[in-house]
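Alright, structures below, take your time with them.
Same chain, two partners: subunit A is paired with subunit B first, then with subunit C.
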Partner chain A sequence: MARKIMRVTRTGGFLAFVFPAFLLVCLAFYIPFLMNAYYAFTDWNGIQRAAKLNGLANFSELLQDTDFFNSVLFTLKFAVGYIALSNAGAILIAVILNRKLRAANAIRAALFIPYILSLVIVGFIWNFILGAGFQSLGELTHLAVFRADWLGDLSLVPWTVISVSVWQSLGFYVLIYHAGLQAIPQEIYEAALLDGAGPSTKFFKITLPMLAPSITSGMFFSLAASIRVYDVIVSLTRGGPGRATSSVTFDIYTEAFSHNRYGYGTAKSLVLLVVVMAFAAVQLRFMKSREVEA
Partner chain B sequence: MKRRAIACVIALVLMSATSFAQKTTIKWFANANEYQDYYKQLIAEFNKVEPNIAVDLEITQDDYPSMLKIQINAGNTPDIFNTMLGTEVKAYAEYSADLSSQQWVNNVLPSVLPDIKYQGKVLAVPVVQNGFGIIYNKKMFADAGIASVPKTFKELEADCTKLQAKGITPFGNGFKEWWVFKHIFMNFQAAQSPDVHALNAAFQAGKTKFKDNAILMGYFDMIDLFLKYGPPNSISTDFNGEMNLLGTGKVAMITGQGIWAEPGINKIDPSLQLGIFGIPVNNDPSKTKLVLGADHAWRVNKASPNLVAVNKFLNFWYNSDFSKKYWTELLKATSPIRGTKAADTSMNRDIQAYSDSGNVYPEAQIWSTDAFHQKFGELTQDYITKAKTKTQVISEIELAWAKLGGG
Partner chain C sequence: MKRFRNLLLEVFLVALALGFLLPVIVMLYNGFKPYSEIMSNLLAFPRKATMDNFVGVWRDMNVPALFLNNLVITAIGVVGIIVFSSMAGYKLSRTRTRYSWALFLFFILPMLIPFQTIMITVLKLAKTLGLSNSVLGLGFQYWGFGVPLAVFIYHGFVKTIPRELDEAAYIDGVTEFQGFTRVIFPLMAPMTVTIMVIDVMWIWNDYLLPLVMVNSNKSTRTLTLAVYSYFGQYVSNYGYAIAALVIAVAPSILFFLVLQRWIVKGVVAGAVKG
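Up next, the complex of A and B:
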């Protein structure tokens, strides 16, 4: 009996603490989300007063929308490139910085500065560097790197977007992996040293497995960032030339606000949401299963 | 007793407050940052005549249409807001007050009138007139021995070779911008049909095709010419880069621009003598004209409680002595108002000459939505990068017209 009462007061206490937060999240997120989802089933143009329901028409149009599929393709390409480069690059730099270099702190700060800049500004800076900057450098040096059209050549421009995004956020991932490296107990390395392990064995058998929790977060953050990639595209390429660098989010924005097809744009964003949730669930489960405890 | 005295004082204060509160405030949501100072001057002049009407000006350049949609949907429609003319007159019709009976309407240029009407009602106020064409460096043309601006496609190409012989790159192109293409294309639309509205409607209904319109097909030849005689990175050059090319003397002409580019270019080099000429769409000189028209418009919120005040303001703006110097002296632009001369700048003199001789095309771009134009620009970029073939691009433009045209 007493146990039962305790359980009741415990659930009561739990609810009392969680409910205000839950209410706020509902007000700020779930309710607006549901209100917005309604428009996915209408032909609303974002201007008119009345929106007309059109059932699943938006979703069936989506199936034949080559623009949308091309942006999905670009987003995937971007995700693979961005996740691989930013994580591998950050692990490499974090390992180097962990070797008690004298300039380690200065380098870490230098790497982190682009991360505090807004991506829009980063886009404009690189726009200038790759445009006017490279043009002048090309005239001076006659090097092919500078003469290439990094923002106009179809085979180069996806790499430009990936590189600029990696450049901008590398400092953040270095921070994650640096913290992970600090947490690895020194004794393990000493034991390995006694067993005669070389640097590459130590890296692959100790450092990488022990970094697994950091890799999980690094992968998760970079996946989330690459699915959401938008601002760098707006300021760097505007999805162009043509639609060569249009990501899903950029496509949704164009559809809803430039093409004045708010209903259809919302339908696209709903599909994106489902895909993102599926991706995140699979990735988290997979990465969690591979972590080891110290 | 004391309490009553306090009550009296409060009542007095309240009464005087209400008598002073006769002041109406108009909310004006504008989009052109570069005109900010002139708008403030306009308001100051207006307040000299109407001290009891305050105008609350808010300017957003970036992403104006989205911001406006948000305000409208939040039930917070500004008293005066900005849209494009033509198709957007219709899109925002249900929010727009009918201005047909206003005094200023009598002063609007007859050529602009059809663009501000929807279903016979005047729903929009034209902002300025713009001239569109190829901007050129007059001195470079003279140096290359080009006596007069080209009247045909062949002459244009011949002039390009003359410039190249002097070591000058003929064209600078800002082909990263989607809107540059609509400025070029509308020359072909206007040359193709005297009634662009009807031509677009035929495209939207699928009743006509590109291949049935010989002049329209010339658009792609023109793009090819601009690329052939332009610098290699045209596709990744934006508006600023384009102005820079002309301003620093790297090219002799820039494409897809108009009068608004003049101040920017002259900021780079004030000594440049700039001119503008109409795009020679084909080899028939009678088809070469300059596009001149109004594209932006002020709209009045139909549900505004301050309609009387708003109309007073607009009539002051478009009907008073102040309006005569507003466009010419302050804005240095071409006015949509009858009887006012263009500002005296090098390019404006060229535009005035076209206007005086009647050698002008209407601004055809306004009869398609910007949604279409954006798609159109992307598809032309695909044509330039060869991501799609010409046939593919043409059929996709025709599709986009049906889907996004909206005219």
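Up next, the complex of A and C:
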């Protein structure tokens, strides 16, 4: 009896802490998402009042949609490059900044600034740099880097999109790892120093393992950002040349709002999400299993 | 030797940061150039700096009113996100049942949903709930959109707070909630500050959600929306557009510089001894 009361109050406590946030997430994401899912089974064009049900027609069309599969492929390519570069770069910078450099605060702020500039400005800046900027630099220095066609060459343009994305968000990841580094107790390093550990031993045997929770976060955030990548593509390449840099989100958006096929676009987003969620759950399980509790 | 290496690293990172900011710096000093100079050479420094663009923007835009809208939206949003996420993240991290992992996934998987794919029904729901076309309503909406990332960060961090502190917090005959606010929440300060920084930067400078929710009425517009309409209108006058952008972004950057000093070391490390 007493135990039962214990359990009830404990469950009550759990609900009181978790339920408000649960409700908020439902209102912001899950309810709109489910309301939206209905359109995946219709031929709605996004404008007219009534949507007509058309069963699984959208999904069977999807199976033969090479544009969609190419977008998935590009998104995968993007994800691999973006996740690797932004996390490795951010860990390195955060660790160096953690050595109490005088300019550390200013540098972190500087790296963060591109993160808050959105769509219009990023596009404006980079179209200018890659166009007129590189042209005059090329004439000045005769370097091949500046003469390459970074927005037109099919083999280069994915790297352009990845680089600009890393440029825009690196400061965010530096901040995540900076905060993670602050949670590593100094005593461990002192003990390691007594044992005669060198800098690389300290980095690989202490810093990296102790950063595991932050690495889980960084990996997941960058995965999520890769799935959602849209702004940089709209402002830089509009998916081109051809469809070379069309990401899934860009493809879905174009389908729903430019081709006026909202129902079909929604079917795509539904399929995408189911697949990605499965991937993410596996990735998180794996990463979490490598973390240690203090 | 160590000092020298640190200096070398510092020089390298300062150079990197400058390289990162170069495009922004170029844009910035163009804000101080008259129109003709911008057009003739975008890269050149201003021959003599002028405040005309800023004065013009200040006259054109109702900056104080827009600023107030931003402030209200950001304050409501960030406070709500911190309160609800810290509670949920803490409790989820401390509870080990079959369901807590599933629940955790439920909280964070929305980060994988591109906003563009659900914005039509988000707007529909906001209209039903009476949250659209209102500054306060937009602030409330950020609660839900900000929870996943914040819960994720808190959830990971709580593991570094020893469980002994929970027990100490509850032994003194206070309610669970009091124990949380008095002992646990202060210990999460580094993460709270990190989340505040990320969310202030995001909400203050957000474009798409305000565009969908509050753009139809001049009195509910945000600073960012006003700036982007500038970029559309004055496509030929970069000077004005850049000046407007600087006015809009500057407060959030100041906030970043002030707050990041609070992401400090050792708050938790020193909490338990022996």
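Please note the rule applied: the second predicted complex is superposed on the first by the 258 of 294 C-alpha atoms of A that agree within 3 Å, B and C clash if a C-alpha of one lies under 4 Å from a C-alpha of the other, contacts with A are read in each partner's own complex, and residues count from 1 in each chain.
By our rule, contacts are C-beta pairs under 8 Å (C-beta built on N, C-alpha and C of every residue); 3 or more make two chains touch, one makes a residue touch a chain.
This is a predicted model, so every value here is computed, not measured.
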Contacts of A:Ala132 with subunit B and subunit C, given as first, second, both or neither: both
First (subunit B), second (subunit C), both or neither touched by A:Pro20: second
Subunit B versus subunit C as contact partner of A:Thr254, first or second or both or neither: first
Touched partner set for A:Asp149, first subunit B, second subunit C, both or neither: first
Touching partner for A:Lys77 - first (subunit B), second (subunit C), both, neither: neither
Winner by number of subunit A residues touched, once subunit B and subunit C are compared: C
Touching partner for A:Lys202 - first (subunit B), second (subunit C), both, neither: neither
Touching partner for A:Ala110 - first (subunit B), second (subunit C), both, neither: second
Touched partner set for A:Gly46, first subunit B, second subunit C, both or neither: both
Residues of subunit A that lie at the interface with subunit B and also at the interface with subunit C: 46, 132
Contact footprint of subunit A on subunit C as seen in their complex: 6, 9-10, 13-14, 16-18, 20-21, 23-24, 27, 42-43, 84-85, 87-88, 90-92, 95, 103, 105-118, 120-122, 124-125, 129, 141, 143-145, 147-149, 151-153, 156-157, 159-162, 176-177, 180, 190-191, 194, 197-198, 201-202, 204-207, 224, 228, 231, 245, 249, 252-253, 256-257, 260-261, 263-269
Interface residues, subunit B side, partner subunit A - complex: 63, 65-66, 69, 72-73, 91-92, 94, 175-176, 178, 232-238, 241, 244, 369-371, 374-375, 378-379, 381-382, 384-385, 387-388, 404, 406
Touching residues on subunit A, where the partner in the complex is subunit B: 45-49, 127, 130-132, 135, 149-154, 238-244, 254, 257-261
Partner subunit C, residues of subunit A touching it in the complex: 13-14, 16-18, 20-22, 24-33, 35-36, 46, 93, 96-97, 99, 101-103, 105-121, 124-126, 128-129, 132-133, 136, 167, 170, 172, 175-176, 178-179, 182-183, 185-187, 213-214, 216-217, 220-221, 223-224, 227-228, 230, 249, 252-253, 256, 262, 265-266, 269, 273, 276-277, 280-281, 284, 291, 293-294
